[in-house]
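In the two complexes below, subunit A is the common chain; its partner is subunit B in one and subunit C in the other.
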Partner chain A sequence: MTFTLPPGLALQKVDERIMTLNVGPQHPGSGHMRIIVQIDGDYIVACDPDPGYVHRGEEKMAEYRNYITNIPHLERPVIHDSCNVLYPYVLGAEELLGIEVPERAKYVRVIASELNRCIYIMYWLAIYGIFLGHSTMFMWPAGDRELLIDLMEKMTGARVTHAHFVPGGVRNDLPPNFEDVCLRQVNYFEKRIKEYAAVFYDNPILIARTRDTGVLSRQDAIRYGTTGSVLRASGVDYDLRIKEPYDVYDELDVHTNVMNEGDSYARSRIPWLDMMESCNIIRQALQKMPKSGSVRTKLKPNPKGKGLDSVYKRVESGRGSLGCYIVSDGKTEPYRVKLSVPSFRNLIALPNLLKGEKLGNMPSVYWSLNYWPVEADR
Partner chain B sequence: MSTETEIPPADAKPEVATPPPKPAAKKPEETPVELPAFEKSISDKIVEKFGDKVEVGFVKEDRVRINVGRENVHEVAEFIRDGLNYDHVESVSGVDYPQDNEIEVVYHIGSYTDSSLARQILVLATRAQRETNPIPGNDATRLPTLRDIFYSVEFHEREVFEMFGVFFEGHPDNRRLLLPEDWADLPPLRKDFAIKGR
Partner chain C sequence: MGTATGIIRALNSGIKHIATKRFTLRYPEEKLKFVGDGYQFDPSTGVGIAGLKGRHMLFHDHCTGCQLCSIACEGVAEAIAMVKVPEEQKQNKKSIMPQIDYGKCVFCGLCVDACPFYALYMTNDYELSSFSKEGLIYTPAQLQVKPYVAQDSEIQISDRGATHG
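Let's turn to the complex of A and B:
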């Protein structure tokens, strides 16, 4: 029996029993990507992820724009987490251009970054709920997320894609009375997300569907180079906010959440615990922030790098470590910008986790990887 | 790129495959500054082991850059994993240098298991020959894969293959990843692929 492969597919037909199935790119259970699975009855025997449906060439575009005009488009890969996805680029540009950042701006960045982390995780959690057929868990996070979006709108003027971080600080100072409103809303938000335990995380149906599915061992998590919640759910205590603190994270008391199971349940619980930690960080930052002062170092028009130089900066985003490698050749545009995104790094675990899993468990395993297709494609 | 005048030393010994002008430009500025001790010890270990096969690009706080020729990159990477406890690759970036007729591939290597290396990123750079008329996979733009050493490079190297046309010899799965299957143009991140209207 001959079986000709469509171009780009590695999977081979081995047996009459095995059926090849395309999940996506138009499937609600895959996002903007295709997962090609081969199934034997109800069990997945092989999986080939096929990302690239939302590849927009961000890295190429960055070579044509100067350090400042790169800001609005480089946050497009994850619009819900736009401050964090821009953060390493801004840190790298500051080092290349030799810019100092005022102390108050660093605190504003930390607050914005933590708020964005919560906004991203709430969106992710809403999708996770609907993937598992749990409509309440779609409605609640999608609604509670509005609180923080309103805060970000007050701070930056935009609900998503804030373009708030610039080399040298942040674009605008906080509006008057922001600290009080932020504190009140974050306290309410924390109280609210604790209620998710009863309806979702302690729900026997969720536990039955996610416990012991897609187990990623500690060794494999390290070997695959996974990051963020996937890594910490497999028992590796690695968070860049502690291991390599940037801006003012070294002055704040940051804890991470680590679980040892490595299954889909642990991977879905870690982001939820992260949100509570974010609330703690925001409260500390609001308290320690200088009450007045500049938030932006004035730049010269069209700043240039200092000649041949390169820099690799990374931050902990809502999905994990996000790195940005910038090569400068002394012109006003960067010579090369490379985003090393956590979704792309975690993707390599997917084929290995799905092997031997039931097809019905595919959505829970796939989305527990904290994967954002648009970010992986850039 | 070529405003500096450090290119002559690279031309002086053409048999060595590591002629990046970049470290040569950086070295004189760095030497008067006291190098961070821990990072220096990492680069010293590599230099001690491989001698003049490797070249230290820079030693900065938390970042060490090693330039190595394509024929030695595999054994250097193996030493980085087994001798220095680095365990995963965070990022593989291609950088196109048409004026040197080379494409640089940069591995950013980190460690989860060794807590003393948690802040460190080791930058391993190597260069492949660049073709003016590339036929990806069927020309001289080739490098040995590091996938058998660091499993985590698998998708990263596939991305560099499609975006720069660098074929990784020994990679089990040299297919396109992000680009469409019917892409019939230059690898798009090469400098000679121009965006329309720019």
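Let's turn to the complex of A and C:
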């Protein structure tokens, strides 16, 4: 009897020099995913990222819930960036259901989205710091993140997984006196993150560990279809807040940060610069926001689509362009919801980046991709 | 910038923090202050009122037993079950009211949005731990009680840094 194993499980011929090493899926250095690396001594000769460990079937679940009850579970893929991960779904559902959004709600959404972007980046920065062995850079972002989490808690009533955006606006209006508190805490937050330059970004030890490791050229960055900070660190000026402005981003003055090096250092510096840009956007939005008015269009209890229709919307999340494709067949539930996530697009560059690097450089290269395993697996 | 200068600058930046105040919140001695009285919803305008999404509060004299909160929870957590209550309310002919299982609840507040009779709100109570799974199931009688939540600490920002004052 002949017995053949499926391709993924087939035994590989072992070279005497090459050793196969499984990093993950339960290793703290990889998140919830496995990276199969083949090493020759201390050098990585091949690398095969293996996502899918935390697949939850979010897209299938969305087919059995109506447009409103989809909201709590669709923000679960990235709980720290939950407003941004829900944003394209809400924009798409509004177009499918034919709902107008009040002007004030659009500004509230932009503020929530930018606060969430900072919260996500601070969490990522804390992880990036601790995996480079820099424990101060773990403690400081984890602490300063609290300033913004406090704002989100005042605004939405939850510290993570806010469930704040709905088709037609946002769930509740801003609490009284929110603008002053927000301005004060965001200004202090910006002052704090500027202090990270001396302790982290200008630190010679960090520069020595991340400069010229995992270099992604401009051509490769475009060819692989990477997005967000990975793309901007390789010298491509691409940000959906400018290229395809949604809600009120066209009325705000948004600048992107671009670096040409394409190495781990550039990829780790771009999100930090993005946070300062987010602070600018929050200040502008607070200034331009209408001081009163409705924040939510009243919906019927079970909104229905207008027949066979589909829509694709995308936004710039904390990691890059995040798209949502919704097909409606005129029922209360969407026929199909597809999330096109930035983490999965950026991961495809990893085998190329790690080839020829030392194993000790793996955490700095891997985490610089701004990768979130749960989002990639959906 | 040389390596030595860079390291000295990094150390110097950290040493400055000896003089700044501590940011940590000393929970449970100190507790955070929240805006408002919990998340509420106004069905006439269709807009909520900002507040913490904590444990629910049920107003027995408003609840009609219409099960809309339970239906709203169906696709989310299935935490709400309608149970018989011994008391008789004029507006509640069937005498059924929601019972909430906090082992399942995700605190999204969609049940509050669904209630058209101002009967279900959320409160600032977030300390819901229990030694048993049954202890997390709150009956309509338990949900009627307004919780006491100590709130004393808020983020203060001064020249010497941010604190939970």
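By definition in this document, the second predicted complex is superposed on the first by the 365 of 378 C-alpha atoms of A that agree within 3 Å, B and C clash if a C-alpha of one lies under 4 Å from a C-alpha of the other, contacts with A are read in each partner's own complex, and residues count from 1 in each chain.
In this section, contacts are C-beta pairs under 8 Å (C-beta built on N, C-alpha and C of every residue); 3 or more make two chains touch, one makes a residue touch a chain.
Please read these numbers as outputs of a predicted model, since none were measured by experiment.
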Simultaneous placement of subunit C and subunit B on subunit A, clash or fit: fit
Which of subunit B and subunit C A:Asp173 touches, first, second, both or neither: second
Touching partner for A:Val45 - first (subunit B), second (subunit C), both, neither: neither
Which of subunit B and subunit C A:Gly225 touches, first, second, both or neither: first
Contacts of A:Pro72 with subunit B and subunit C, given as first, second, both or neither: second
Partner chain(s) touched by A:Tyr64 [first = subunit B, second = subunit C, both, neither]: both
Partner chain(s) touched by A:Ala285 [first = subunit B, second = subunit C, both, neither]: neither
Which superposed partner A:Val110 touches (first subunit B, second subunit C, both, neither): neither
Partner chain(s) touched by A:Ile270 [first = subunit B, second = subunit C, both, neither]: neither
After superposition on chain A, the shortest CA separation from subunit B to subunit C (Å): 10
Subunit B and subunit C contact sites that coincide on subunit A, given as residue numbers: 64
For the subunit B and subunit A complex, residues of the former touching the latter: 1, 3-4, 21-22, 25-26, 62-63, 65, 87-91, 93, 95-96, 106, 108, 112-113, 118-119, 121, 123, 150-152, 154-156, 159, 173, 175-182, 188-189, 193, 195, 198
Contacting residues of subunit C [partner subunit A, same complex]: 1-3, 6-7, 9-10, 12-14, 23-24, 32, 34-36, 38-39, 41, 45-53, 72, 74-77, 106-110, 113-114, 122, 155, 157, 162
Parts of subunit A lying in touch with subunit B, wherever the complex brings them together: 6-8, 10, 50-52, 55, 57, 59-61, 64, 222-225, 227, 231, 236, 238, 243-244, 307-310, 312, 314, 321, 323, 325, 327, 329-330, 335-336, 338, 340, 344-345, 347-348, 377-378
Contact footprint of subunit C on subunit A as seen in their complex: 64-66, 68-73, 136, 143, 146-147, 150, 153-158, 161, 163, 171-176, 178, 184-185, 188, 195, 198-200, 202-205, 207, 294-299, 301
